[in-house]
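Paired with chain B in one complex and with chain C in the other, chain A is shared by the two complexes that follow.
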Partner chain A sequence: MTSRRLEAFQGFGFIVPVILVLFVFTVLPLGYAFVLSLMRVNQLAGTYEFVGLANYQLALNDPRVHTALMNTLRYVIIVVPTQTAIALIMAVALNSGIKFQKTFRTVYFLPTLTSSSALTMIFMFLFAVNGPANDLLVGLGFIETPINFVQDVRFALNSIMIMNIWATVPFYMTIYLAALQDVPDTLYEAASLDGANSWQKLTKITIPNVVPVTNFVLLMGIIGCFQVFDQAFIVSAGSGGPANATLTFSLVIYQYAFMVIGTMGYAATLAIILAAIIFVVSIVARKLNREETLY
Partner chain B sequence: MKKIARLITLIALPVMLSFFAACNDNGGGTAASGDADRPFAGQTISLGLWPGNDNEEAGMAAAIEEFYELTGITVELRHYHDYQVQLQAELVGGIAPDVFYMEAFLFPSLVETGVLYPLDGFMGSDFDANDFFAPALNAFRHDGGIYGLPKDMSTLGLIYNIDLLAAAGFTPSDIPNNIVDFAAFVEQVHNNSAAGVNAFVSSSELARHLFLLEANGTSVADADGFAVLSQPNQHPTLQLLMDGFHAGIVGRPADLGYGWSGDAMGLGNTVFIIEGNWVIGHLNMNFSELNYGTREIPLIEGANRSMLFTVAYSMNSASNNKEAAWEFINFITGTQGMYTWTDIARVLPTRASVADATGFANDPILAPFVAAGAYATPWQKGETLPIIMREYNNFLPLVIAGEMTIVEAMQQAEEAANRDIDALMR
Partner chain C sequence: MRKSKGWRITLYAILITYGLITLFPFAWAVSASFKTYAEIVGGGLNLIPQNPTLDNFRHILFGHNMFPRWIMNSFIIAGIGTIVNILLNSMAGYSLARLRFPGRGIIFYAILAAITIPGQILLIPNFLIMRSLGMLDTFGALIIPTAVNFTYIFMMRQFFVNFPREVEEAAKVDGLSSTMTFFRIVFPMARASIATQGIFVFMSFWNEFLRPLLYLASPQNFPITLGLRSFQDQNVSWWNYIMAGSLLSILPIIGLYIVLNKYFMTGFRIGGDK
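Moving on to the complex of A and B:
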């Protein structure tokens, strides 16, 4: 055996475990989900009835799916830009050499370390009718009667948005912090000599230099937000209420997959549709935020 | 060549190891070495259940120990942390345990699929089915067969804070025994109570309201499983409750910052709650100073009514140890096993004779909950109940917030549920 062939053989040997794992746990389930999406399935009874694209047709005309999609889109459109902007601003602030910046970094990172279900429980307590948030707002005179943030149709989804932004910003902030270390100090020095103020430095140097990281943050944000589930599930106890206000796409999928028996096919259809939507939106976001360097 | 052989071993080893690990759980059905008295001695059966509190864990351990001494059959526990999802996955995958907890709510969906094995064939002529509270046993009947024996039950009752009642100028004997007068009484208590004390705290969801909606005989699902929620004769008692919310007399635990009604009661924040008997253990353990009493829910539409939450032991159709599995089910739901389990776990037995033997039937705090076992409405209604429940819970908050009337909200809930049921389940 020649050394070249041996090397190739070794190379394949090394990737075989990963390929196997990917095949078994990613490719197979994906393919299986697609097959299920073309069927009416009751896995327990073992009935698999091929229905073609009927599930897809049903999904396109399902008002609950429309509501879930609108809720999810609204969620993405508000949460993704907000969390990205806040994360960048906080990273810049914590990179500016202020006192105790290491302490701040640690403290800000704490929410990310906490499980989202625990955070949701804490938020539900904070935003309860007689919880601290309402006490504060009433005490300061902003509102007259306490607001039922979690159970009011107008506030329920917004409360979840705030919760999510608060919990995910620190993670992206850390990523930005790492990216900021790579921006050469010489650029800032040159800009200072040219008389640039800090706002100009931020917009003309910092932001263009971290575009690849922004791309990553946007992508992760979009994927995460489209899949928002646990907060909505806990707040509404799985119903998506009040009046579908917290019905997100992933929650609808869960409801059909696990809360009702015999609708797994429809759940798979919705999952495939969600994957397609995320794929398209991610591509568009990447195209809009071009990665070539500006210099 | 030697190198390659070593390489292959390196790659193959983890794969083989994981393969063995996956095959290893096939422990059931070990060879029997029984004698005439204990024909299944030496066998092992698996039991799927969710973890209980300390008392329940102790009760289960004691019952299994007794069962082992009696029969020589070992019971292996498999704990589920997400019961419905995990059990479904295991049943589909063909690795579900021989015996598992069967929630009454989930039962209709599962029994239809044939994954549960009928138990009638095992029951001898001496099997005393009449000892079980009828609503609890009937929850596990299907097409004339019995597919599960109820292990224990919970019912709803009225729990009141005696001190807060006294502060409002009343004694427990002043509590009226029909729901219309009771609603008026709660309002009086509210008016006489200090600020910050709620007269009534209520979790509002279909699992707590089913018996109110059906008090006049109209079921929430018709014969084909479609939702029926907007019939006016379903709403009189619900209307009383909603009026209470609108008047600021009734509150939901989450609105008040409590995880559930039990905490609101324990912390002395509410005079009344309607809760399941599971609250009793919670109050005794965490709020031992609390001076409280219990009674049956006041008469609704002229009759005693309550909700019944019950769980059975069911047998896996695919089990290889059906005889031994039956031995276990028969023991743990029999008079001896149920006594051990319920006495230590402090849960309500589903057998009237065991309720007498444990003294629960005469315990002043527990007796109202035991009594409800004879008439309560099981939390169960065919395979479409998950959808009906989802839409009811989805739209009820609008009524509580005063944005819709009951009929308006329930028409929407009914429509949304029936669209789903029609498209996906029919």
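Moving on to the complex of A and C:
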């Protein structure tokens, strides 16, 4: 009996720190977020005023939120499928019995190791007015005058997208590679005997066999892209400019919470809306992926 | 798989092209870090600097009053954060896998549920909680809320569930208490799982941007990810210093990657298993 009690004591003792963190920094703030979303918060005066669903109503008619949502949706729609497709293709290429696999893999992995902050700096340098990309484009005669990519409404968000794809592909590629190594060789051998070509093997064997991984990659990609913040913040110095071109949903939440006075409750509302959108989109994406690969 | 020669060539062309795309930005960053500011802004597409110089590195390491401190701060935050995570995640994983106590099931499901909550929703409330705890502008604000990681607790639990019970029983026969058994016998045998979570936890602390931005106000408390921005003001971007600083900030992680390469791959198998 005592040993049983000792075990319970030890078991509980081992997990107490986790319970504390879980409660104070996850459960409590989760409830707090919903409460805040029903409040008008004045940080300076320290007052909390109950306003019901007014913040949610406000969000529906806020042009900055609309812009941020459109930017973010565009970001997700372009970045997620592109990075997933490139990751899969590169993983298949790496997995097709080539030489120097480890060397390629090591090189490819570099962007994943690098912080978003250092990467953004490197890309800002590459695409600066007097940076290498402009020098190259002008030198080759593609453009006459240098383009200020990150300050130009047409290019700012696209530049961040390219950077994001470049930076996250290796991570997903490595996940795919691990999964591909688990696809039984016998499937490919049987397909070869039946006279299948490489394309057929890819679409009929490889892709259907990694559906769970694709689901995982899509899910991670959607969650990550909807929450894109660091790059947009660094490129625009927090403003979301030029002309709101890099205003992402997370950035607008940050601005309302910490740069504008008196809209913290509203920002909490937007965070909840973002979480809800992520949740719904993730479910839809999983459904689509499953249906597509049934055939 | 037998493939034609043309196919082989295409394959290598794709692989090499992608490799070049990956290396291109880094190559320019390295090049700029050895160039003078004048040469960088003067244009010219020479990857090899005309007059290679170490002045940029010398300046940020020895002539700058904050840069070394930011690097040190990053090491302190990521170092302490990682050690605490390894210890607490492993203990929690062991507890969930092996020890019976009331409420274990509920806690396990709460942890699984917590993994799926998007971080954005917790950001503002956590900021307010930090403020009322008086922890703003301290390393504690960064370390304590992420002192445990629910994903790696789950991973450690899976590891310990499959851990041979005989080892623990033998230790018990030898008269070790179960707490001692964990720390002396079980914990050291979980080396691979610990290395895997250690790497990824360290990397996420080291590379973090948003939470430091939110919680830290004084430049002397900044980690390197925040500090890098200060070489850039309204009018001038000191690309020579920014590139040298960015590259130095990547080095520790690259070092980790080289030394502990095999554990990086284990991490991805776990990721892919979901």
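What we mean here is this: the second predicted complex is superposed on the first by the 266 of 295 C-alpha atoms of A that agree within 3 Å, B and C clash if a C-alpha of one lies under 4 Å from a C-alpha of the other, contacts with A are read in each partner's own complex, and residues count from 1 in each chain.
Keep this in mind: a contact is a pair of C-beta atoms (placed from the backbone, for glycine too) under 8 Å apart; a residue touches a chain by one contact, two chains touch by 3 or more.
No experiment lies behind these values; they were computed from the predicted model shown.
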{"item": "Broader residue contact with chain A after superposition on the shared chain, chain B or chain C", "value": "C"}
{"item": "Touched partner set for A:Ala271, first chain B, second chain C, both or neither", "value": "second"}
{"item": "Chain B versus chain C as contact partner of A:Gly224, first or second or both or neither", "value": "neither"}
{"item": "Partner chain(s) touched by A:Leu6 [first = chain B, second = chain C, both, neither]", "value": "both"}
{"item": "Touched partner set for A:Pro17, first chain B, second chain C, both or neither", "value": "both"}
{"item": "Touching partner for A:Phe125 - first (chain B), second (chain C), both, neither", "value": "both"}
{"item": "Which superposed partner A:Pro208 touches (first chain B, second chain C, both, neither)", "value": "neither"}
{"item": "Chain B versus chain C as contact partner of A:Arg64, first or second or both or neither", "value": "first"}
{"item": "First, second, both or neither for A:Gln255, with chain B first and chain C second", "value": "first"}
{"item": "Doubly contacted residues of chain A, that is, touched by chain B and again by chain C", "value": "6, 9-10, 17, 121, 124-125, 128, 130-131, 258"}
{"item": "Touching residues on chain A, where the partner in the complex is chain C", "value": "4, 6-12, 14-15, 17-19, 21-22, 24-30, 32-33, 36, 89-90, 93-94, 96-98, 104, 106-111, 113-119, 121-126, 128, 130-132, 135-136, 139, 166, 170, 174-179, 188, 192, 198, 212-213, 216, 223, 226-227, 229-230, 233-234, 250, 253, 257-258, 264, 267-268, 271-272, 274-275, 278"}
{"item": "Complex interface listing, chain C residues touching chain A", "value": "1-3, 7, 11-12, 14-15, 18-19, 21-23, 25-26, 28-29, 32, 40-45, 88, 91-92, 94-96, 98-104, 107, 110-111, 114, 117-129, 144-145, 147-148, 150, 153, 178-179, 182, 203, 206-210, 213-214, 224-226, 228-229, 237, 239, 242-243, 246-247, 249-250, 253-254, 257, 261, 264-265, 268-269, 271-272, 274"}
{"item": "Footprint of chain A on chain B - complex, ascending", "value": "1, 3-4, 7-8, 11, 14-15, 84-85, 88, 91-92, 106, 109-110, 112-115, 205, 251-252, 254-257, 259, 383, 386-387, 389-391, 393-398, 400-401, 403, 412, 416, 419-420, 423-425"}
{"item": "For the chain A and chain B complex, residues of the former touching the latter", "value": "1, 6, 9-10, 13, 16-17, 20, 42-46, 58, 62-64, 121, 124-125, 128-131, 148, 150-153, 236-244, 247, 255-256, 258-263, 266"}
